[in-house]
Structures are given as structure tokens and as C-alpha cells.
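Two complexes follow with chain A in common, the first pairing it with chain B and the second with chain C.
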Partner chain A sequence: MSIHAAEAASDDVAYASQEEAHGIEPRRIGGTVMEMKNITLRFGGVTAIKDISFDIKEHEIRAIIGPNGAGKSSMLNVINGFYHPQEGEIWFRGAKRGPMKPYEIAQQGIARTFQNIALFKGMTTLDNIMTGRMTMMKTNFWQQAMWWGSAQREEVEHRRRVEEIIDFLEIQAIRKTPVGRLPYGLQKRVELGRALAAEPKLLLLDEPMAGMNVEEKEDMCRFILDVNDEFGTTIALIEHDMGVVMDIADRVVVLDYGRKIGDGTPEEVRANQDVIDAYLGVSHD
Partner chain B sequence: MLYREAGDYKTSYVDDAQTFPIAFDRWRYYVVLVVAFAIIPVFISDYMAKSVMIPFLVFCIAAMGLNILTGYCGQVSLGTGGFMAVGAYASYKLMTAFPELNIFFVVLLSGGITAAVGALFGLPSLRIKGFYLAVATLAAQFFLVWLFNKVPWFFNYSATGQITAPPRSVFGVDVTGPEVPAWGAYLFCAVFVFLLAWLMRNLTRGRVGRQWMAIRDMDIAAEIIGVNPLRTKLSAFAVSSFYVGIAGALFFSVYLGAAEPTEAFGINQSFLVLFMIIIGGLGSIFGCFAGAAFMIMMPVLLKNLMVDGMGWPTTIATHFEFVIVGALIVAFLILEPHGLAQLWRLMKEKLRLWPFPH
Partner chain C sequence: MSAEFLYTIEVILNGLLTGVMYSLVALGFVLIFKASGIFNYSQGVMALFAALTLVGFQDGQVPFAELINAVLGTEIHGFGWEMPTILAILCALAVMLLFAILVERIILKHLVNQEPIILFMATIGLAYFLEGFGDLMWGSDIKALDLGLPQGGSFWIEDMTVSWAAEDSGFYGMYIDKLDLIAAGVAVALVVALTAFSQYTRIGRALRAVADDHQAALSVGISLRFIWVVTWAIAGFVALVAGSMWGAKSGVQFSLSLIALKALPVLMLGGFTSIPGAIVGGLIIGVGEKLFEFAIGPMVGGATENWFAYVLALIFLVFRPQGLFGDKIIERV
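After this line comes the complex of A and B, so read on.
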């Protein structure tokens, strides 16, 4: 979906939130976008993920939580094709996905951010976000080499979209700054911008709030909710801050030792005895 | 005080993305072009052309080539000398096989042939990185030089094993062969430098350049974003080799006139070009020019200073030249590890504020 269309949609959402006051559900969570069926992932003798199934629905914010080493990041790596599970099926937008390279999956419309920031340090904020739009650029090598004409037109057209993202994330002032020089919180924001630039069908966020102070976390939460609201982007996120997860997620899947121990709305998960045991430990008396 | 962006309003993205966003820089660029294409050719002497300007221009092209690969795409190569040899032998074979073909196209085609060879030797880069890749490209260096020494077809079965450039002309002016006017050879190289620098700027400012830099900075993230690592790395190898091949063709046909692979295109050349881009600045077009100027002009300058200026014997001057150039390289790298281009950038940032500190 283009951002213009997304803006039009966001107008709808504004109406919807007015309607919310009259008791109507504002966000329309749609059908299943992605479905993981019985995924098992092994590294040699170690089973990182064991027979896990869950789905992600359109326009929802889906959180994946669990203690350290539960297999959350491995799960994201399976979704964007970095790891290939030994067993199980992945269905994306109604089609079973064969073995694909990560860049092919990116072209299908799955974008992500990383736990440890993975920006292109030598490039400016603008260039980083422009790189995010790469899969949408159509001019070939020779047109790029000539520059004048189609390549320049395309560049300007994408620059316009990127500027909208820059405005949205409120990072206008650092547009031309090499990202290596930016503070941590801003780098996280630029990384989100780079993922958004691809206009993904599914956005994966790996600990978007790790290492942030409360204020930065609140900012990031706001951006995530706004992305979901305004662009209607489906989001799957890993997060350790339970307060954040319970506040913003529509549904939560809980992993522990590579198994799924809970799945449902935040309230359901909070009440689940297995989840409480995993987080707080089981008393042995 | 002239060096300001204040008052120079950018009202479109095209304006905002131009090569020289500051008006003063644009004027300086036009002045450089006028000097390079209208003033130098009129006044250039044989000595200036042969020992300063032509090697400088040729190595500018080679440095641009290596900078595309190493500075922009992050793949280290020690095969530059070998790829220059490919360009040289390709141009020799083309010149002797198709005497009617204009030398301009001969040089371009030699670049194209080198691009294909370079892409082939770039294949290992998918599996190996960093120092290990450097060693793999070293294999290319030694293999190619060996090939041109051992297979007589490449030097047309000449008894000496040397290749000699036959005379060829552009618009009636000789650019290769024994009777070349200094300005003709100079202009011929300068045109290539101009065109290739323009091409490099185009490639590095858009999608292709961002792909290269993405692979350089964080290859895993690049792949997640949708960059195909195979195609990106091979395109960098191909474009880089295209430049290096053109440099090799010009080095042989315009500068040397006659060449023998071990000496003209040995590992020394690979290191020379690598030093140029490290001293000049990785990932910068200006850095290629600065590095080539430093490595080519500094020795000539020092020699003139010591022999003509201070009356030292040539032999001593030659030895001292090595010592001084070596010391200068070390000094520059300590002062500014990011090269002359970074010094230039810092100077420009200071200039923007000068004479007021804030």
C-alpha cells in the first residue's frame, strides 16, 4: 500500500476513532497474513524451536515474548528466511512459502529491525531510509549509470516518500547526518524508518525498545502504534518489557525453551499458569 | 566567507541532491574543468605530460576502479595490477586484430573485457571476506601476469615477449605510438577521467551505490532489506574492473608504449593503487584524485627539489625519495586515518563557519 493510500486510510481511522466513542471497534483486524505450522528448528543437536504453530492476522500487533533463550529471535529469523526450519510449513498471504533467500522474502514484503542496530553506519539517515525502498526501484543499471532521465525521476519520487517517513518519525534534523554519529535512540528510530520505507506487509521488530530510557520507550511505543494505526501495517514484535507488551499488543504468543506455552490476548496470557511459572519459576514445595 | 550555503535555497529534491550543493564548490568545479581542458593542453610540456600528468590521470582511473570495489563495496582486492594487465593486453590484441577500430573504442572494449574477467575473479567474494578475499585476489594477480608471460598468443608471438602499441589517432591526432604530441595524449586521458568520474558519481549516488554501501556496512542487514549479495558484489567487481581495465589500456598504449607484464603490471602496481585509495580516502571520488596526486606527484616533486633545488646526486635523491614518501604516508595515516578526502571535508566544514567560530 502506498503511503498516500495509507494516509487516506488514516483518515478513515480518524473517523473510526470518533466512532469508537460510540462503541465501535476502530481497527479492523483482518484475516490471517502469516501462519506458522508446526515449525521445528534444530542446530545440530540443539532444538531451538520445537513444533510451534501460530498465526499473525492482518493489521494486528502480535507480540512474541519469553525468557532468554526461548527461541524468539530464532522465530523471527525463520520468518524472514535467515534460518530454514527442518520441519513445518510457513504460509504467507495464502500461499505456502518454499525455501527462499532472505532478499527474496524482503521482496515479498517482510521487513524487520534488529536487536542490535544493523544500520549502514557510513551512510546518512536519508541514504539508509532510501536503501529501504530499494526493492521498489525499477530502473536498471544502465539507466542508473546515465542518471539524467528515468533514474533521477525515480530517485525524486522515492525521495518524496522517504521524506514523509522522515516527517512521521520526526527526524528531519538528522536527515544528512551519517548514522554512525547518532545516539542510540535515534538510531533505533532510523532503523524503524528504513524498515517502514519498504512499505512492508509484515513488519518484524526485534526488541525495538531494548536499552532505552522511559521517555524513549514511550516515543517508540507511540511510533509503533501510529505505524499500525496510520499505515495499517501488521507488526510482529519481540519485547522484554511486559508493561509495553501488555499495553500495545493485540495478541501475545509466549515461548519457553523453544516450545509454545501460551497464546492469546494479553489478559489471557497474564492469567495462564504456564506463563506465570516460566517467568516467576515454579515452587518446589 | 564565500563558502556558504546560506542564501542558496534548494527548492526541489533534484537541487538538494546535486553533486556540489554549495555555489562556491560549483564554480570551483567549472574552473577546474576549464583549467584541465582548455589551459593545461595549451601549455603542457613533454616532460610534464610524460612524467606527471599522464601517469596521474591513468592512476586516477585505476584508483576510482579500486575505490568502487574497496571503498564503496567493501571488498578488498590486491589484483589491480593483474586487471590492468588484462586491459593492456586486451587493447593490444584489439589494436592489432582490428587496425581500423578507433582507439577510443579499443580502450572502452578493453575495459569491457576486463569487467568480464573481474566478475569471474569476484565469484569467491560470495564465500570469503576481508583478508581472505585479499589473498584470493592475489591469486588473480599472479595468475594473470603468469598467463600473459607464458601464452604467446597474447603478445602475438613476438620474440621479446613484449607488447608494443602501434600508432593510432583520434581526429587525426596521434595518441599512441612513437610520435605523440604531449597535449594529445594528455587530452585523450583527461576525457576518460572526466567521463569515468561522472559515471562513478552517477553510480554511487543512486540505487546501485547504496546497494554497494549497504553490503560494505552491514551485509546481513542489506540482505534482509532485499539486496541480492551475489549480484551486488559481482556488479562491483565488474564495474571496478572496467575502470581498472581502462586504466591498464591507457597505461600501456598511451603512457608506456611498450610493456612486459611482470614489470609493468606486477604486484607493486596493486599496492600502489591500494595506497592511493587509502591515503586519498575510501568511498570518496575526490579521494581517488587526491591519492593519485599524492602518490604520483609527490615523488616527482621531491626529486626535483633534491636534484635541481639542492644539487644532490640523482642516486641519493632516489633513495631519499623512498624514505620521505614512506614517512609521509605514515604521517598522513596517523594524522587522518580516513584519508585526504576527510581532511578536505573537515576543511570545508571549517570554511563554512569561517571567520566566525559559531
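After this line comes the complex of A and C, so read on.
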């Protein structure tokens, strides 16, 4: 055993025991949650994604990076079902996924946020996050129309969970504010809350820190890491800020012009010549 | 109190009660417009169809009797029994629910992501289809709808108010139709119920979510198709309420579908996206047209009620196109 490996192992032990002292399950990266196999996506004559394969493991933070137009958002839209790839297979939790509607995929446990915030602007923070519980509420139309006992109990119980999320994201003060009136950074946080409310098996974040100032970015980083730590949520995120990605991601996949040019830990990716070329340009002499 | 003053009060009260009836119709438009951005031209015909169905069930008519008779050479017209009003209402509700499901299956499903104008054209087609279909199903004769509600002026109000004026002032008490009062009560109950449903239940929240942002709604697991069925079913329910109230007042006949035209100025006043707007808009139009007729009508030869609402709506379009309560439209450049 090399010295490095031994060091890493003892670090792990220290890390785990510290977390156990806090009564939190140690975070372990588990088996594959989602696997994309040879995905190709075309819009007419334009190929947005060319034969890309990668996987997402349980409890990890998986970053998807790449220059503008690399196909990152398209990839997220494929996972979430807004786009249907022409070729390739998607495996989610050990089963191959057929063509599904976005709302069916949401019901399977994939929640997401959007690059250009897609909140329900006229509704309050509380109501927005409550919509995130939609897939978990079971009473039917007639029970709700009559406001029967079970519908009422259900509403109260889900409301409690939502209040926990509001506490967790530190947005108690804006619970009853229509989200259209909130500043950008807070809207992003509410959107994260709505996605979290679904208790997703896989959380997709499309540029969660875009357009934020340094302080807001730090807050958001902390929330993402906390979500991953405390709830063990598997996260796939797109981000432009390389510093952030290198800090929080467990593994990174790099796209360029719809192709995959790198995949691995942040260190591996940083050392990859193709990635450096894509980001800094290549000299042609 | 002077007789003049009491007359004015009477006119305002009657205007308010008529306004409530306009609001009832406008409400159906707002519900569908909010959830799907479709201006549902067929809302008025839906009210007519719902009322026809209600009367049909009540009188024990055989649906499509004329058609069956023409094809089979039979002479059937009714089942020979009368259905209790409550049961007839439930049956009519079931028909409107079925109607909502069919509209989604046959029309909306194929028009997802189309321009609003195309959806609007589809509802025009739907309106003419439903009009003919209603005639075919229940016959085109004028029918009286008797819900067993009290009708005619309230003597109690007349007796009470007559004492307010001087003995020989020529004021004989206020005439307030009991049916109008009941309709107002029903409208209030309907609005309270709809508001509670949309505020405090999961499906109500889903309705609001879809109205706000389709893409975000999909991403939290809301099926748009299901929500559209629910929206159209609720609009059908509102149409049934509006249709039966207007039907009980002035008979179930083709002109019932034209009350939809009165809902248009109400919507322009109140805004297409606001339920309180539909209520307040209806009240303003109701009171406005009655007062105008009372004060200005005699000078211009009367019949101002036919056009006053539209002129008021035009003025609103110029100065406040989003209506009193509508969402302000801000276009970013």
C-alpha cells in the first residue's frame, strides 16, 4: 500500500467518525443511479449531442462543464425528458427508460432547476415549494374538492416537510412573498427548494450560480454541499465557474461541440490536454 | 327619504344583481384563460348546452329523440317520468365532465404548443358544433327551467322599503326579484368554493402552477393534459351554474348563448386573468348600464343597455388595456 493511499484511508476514517458524532450518515458514493449510453440528439440537421456516454453514481456531485453551445443544457433536458434523443439508451435505477413525458420522469424522482429560473411567479414562496410535493400527494380530485379528512391531513403533513426545507434554505422571511418580487439570488434558492421538496433520487441543477455575485455564489455552494451531505441527494449540475466546479464536484464530464472530451475527477480533468485546448484554444502552427 | 333617491338605490341594487349574473358567465372564461391562455369562445354555448341538458334530464326527455324517430320511424319523445332536480343536476354535471374529457382528447391534445389564435379558432368551431349538437340532442324549442326556486318580486322588501318614502311620493317600494337574490348567493358561494379549492388543495395549486409556467409545471410532475381536463370540467360546472340561473330567469333558448357577448366587456374591465376582476367587472357593468339607462336613457330614446357595456369596455381598452385586476403586460426590449 502506498503512503498516499494509507493517508487517504485514515482521512476517511477521521471524516466518518466526525460525521457520526453529529448523528449524520457518512456520505458514501454508491452504485450507478443513471447511465447514459451513446446518446445522440439532433435538431433537424444540427447535432447537439454526438454519441455521449457517462454515468452518475449515487450520492455524488457530478458536474457537466463545457464552453457555450457544448450541449450541456441539451443533456440535462434529455435526462429530464424535455428532449428525446434519436439514438442511445438511458438507464435509471437499473432499468432502461422508455420514451416518457417530463411529468412522468418527475414522478420517477428526477427534479430540476432551470438556467433562466422557471418559478410560478404569481405564487408565494411557500406555494411554489408546495408544488414540489405534487408527486408525493396521493388523495384524488373528489377528496380534495370535498376537503375530506385525508386530503386535509395530507396537506398539513406536506406543509410540515416544506417548512423544514424553508428553514434549511434560510428563507423563512420570504415565505409569504410572491416570488416574482424577490431578487434573483433568492429566486434561485426558492427554485432549489422546490426541487428539493420532491425528495428527488436525482437532482439536476442548470447553472445554479449563473448571474450571482461572490457572496450569493458562496451561499449557493454551501447549500448544494449541505443538500448532498445531509440528505445524500445525488446531484448533476452544469456550471460555468471552473473554480466552483473544481471545489464541489466529485467527478466532472466535459463536453465540447456536442462531444465528450473528458471525464473524471476534477484533477484528472484539469490535466486533460483536450480540455485545456477546448477552454484556452489551440494554436494552429 | 325622497322618492328620487330611493329609485336610484333600487336601480343600483338591481344593477348589482344583474352584474352578478354577468360575472357568473365571465368566470368561466377567466378559468380557462388563466390555465391555458385560451380565450374560450364556446363558453356561452357551454352554458346553453348545460342548461339544455339539465332541462332535458329533468323532463325525462329522450336524448336525440328527433334523430331516433327520423331514422327508425318511431314516435318517442320522453321516458314518461320526471327526474328530481338534484339528480338532474348531478347528471348534467356528469355530462359536462364527459364533455371536458372529450374536448381534451379530440381537440386540445392535438393542438399542444400551437399559437393562441389557433386554439381560439378551435373554440369557435367547438361553439358552433356544440350549438348544433345541443339542438340535435334535446330539440330546439324554448324550454322553461323550473329549479323550484322562488321567483318574482319580494313582498317583504317592498313592504319594508315603501315606508321609507313619504306617503304620497309615488314610491311603492323596491322591486327586487327573489331569483336574482338567490343567483347572487349562488355566485358568492361558487367564488368562495373555487378560491378555496385553488388555494388549499394540491390540484388547485397545480392549476395555478400551470397557469403560471407550463415548463416549470412539467418539471415538478404535473400532467398538463390532466390539468386541462380539470380546467374544462370546472368551466363546464360554472357554465352549468350560469346556464341554469339565466335559464330559470328567462327560459332556456338559443339567446342564452349570447350572454357570452355580455361577458366580453366584463372581461375587458376586470382583466382576463383575474377572478376578483370578473366579479368586480360584472358588478360595474351591471350597475353602470342600469344607472345610465335610468339617468341618460330617456334623453336619447332608451335602449342604452345594448351598447353601454361595450362603450365602457372600449374606453378601458384605451386607458388600461390589462383591465382593473389583470396582470400588467411588460414587454422587455
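Here is the rule we use: the second predicted complex is superposed on the first by the 260 of 285 C-alpha atoms of A that agree within 3 Å, B and C clash if a C-alpha of one lies under 4 Å from a C-alpha of the other, contacts with A are read in each partner's own complex, and residues count from 1 in each chain.
Following the convention adopted for this analysis, a residue touches a chain if its C-beta (ideal position, glycine included) is under 8 Å from a C-beta of that chain, and two chains touch if they have at least 3 such contacts.
As the structure is a computational prediction, the values presented were derived from the model and not from experiment.
In this superposed model built on chain A, chain B and chain C take up the same space, so to speak, and clash. Judged by the touch definition given at the top, the superposed model places A:Met137 against both chain B and chain C. When the two structures are aligned on the shared chain, A:Ile29 is found in touch with neither chain B nor chain C. Of the two partner chains placed around the shared chain by superposition, chain B is the only one that A:Val156 touches, whereas chain C remains out of contact.
When the two structures are aligned on the shared chain, A:Gln107 is found in touch with chain B and with chain C. When the shared chain is aligned, chain B and chain C each come close enough to touch A:Lys121. Once the two complexes are overlaid on chain A, the chain A residues touched by chain B in the first and by chain C in the second are 80, 82, 101-103, 106-107, 111-112, 114, 118-123, 127, 130-132, 134-135, 137, 139, 141, 144-145, 147, 151, 155, 194, 198.
The part of chain A that touches chain C in the complex is made up of residues 80, 82, 101-104, 106-107, 111-112, 114, 118-123, 127, 130-135, 137, 139, 141, 144-145, 147, 151, 154-155, 194, 198. Residue ranges on chain A touching chain B, taken from their complex, read 80, 82, 101-103, 106-107, 111-112, 114, 118-123, 127, 130-132, 134-135, 137, 139, 141, 144-147, 151-152, 155-156, 159-160, 163, 194, 198.
Interface residues of chain B facing chain A in the complex, by the touch rule stated above, are 12-14, 17, 199, 202-203, 205-208, 210-211, 213-214, 216-218, 220-229, 235, 283.
Chain C meets chain A in the complex at residues 196-197, 200-206, 208-209, 211-213, 215-224, 230, 327.
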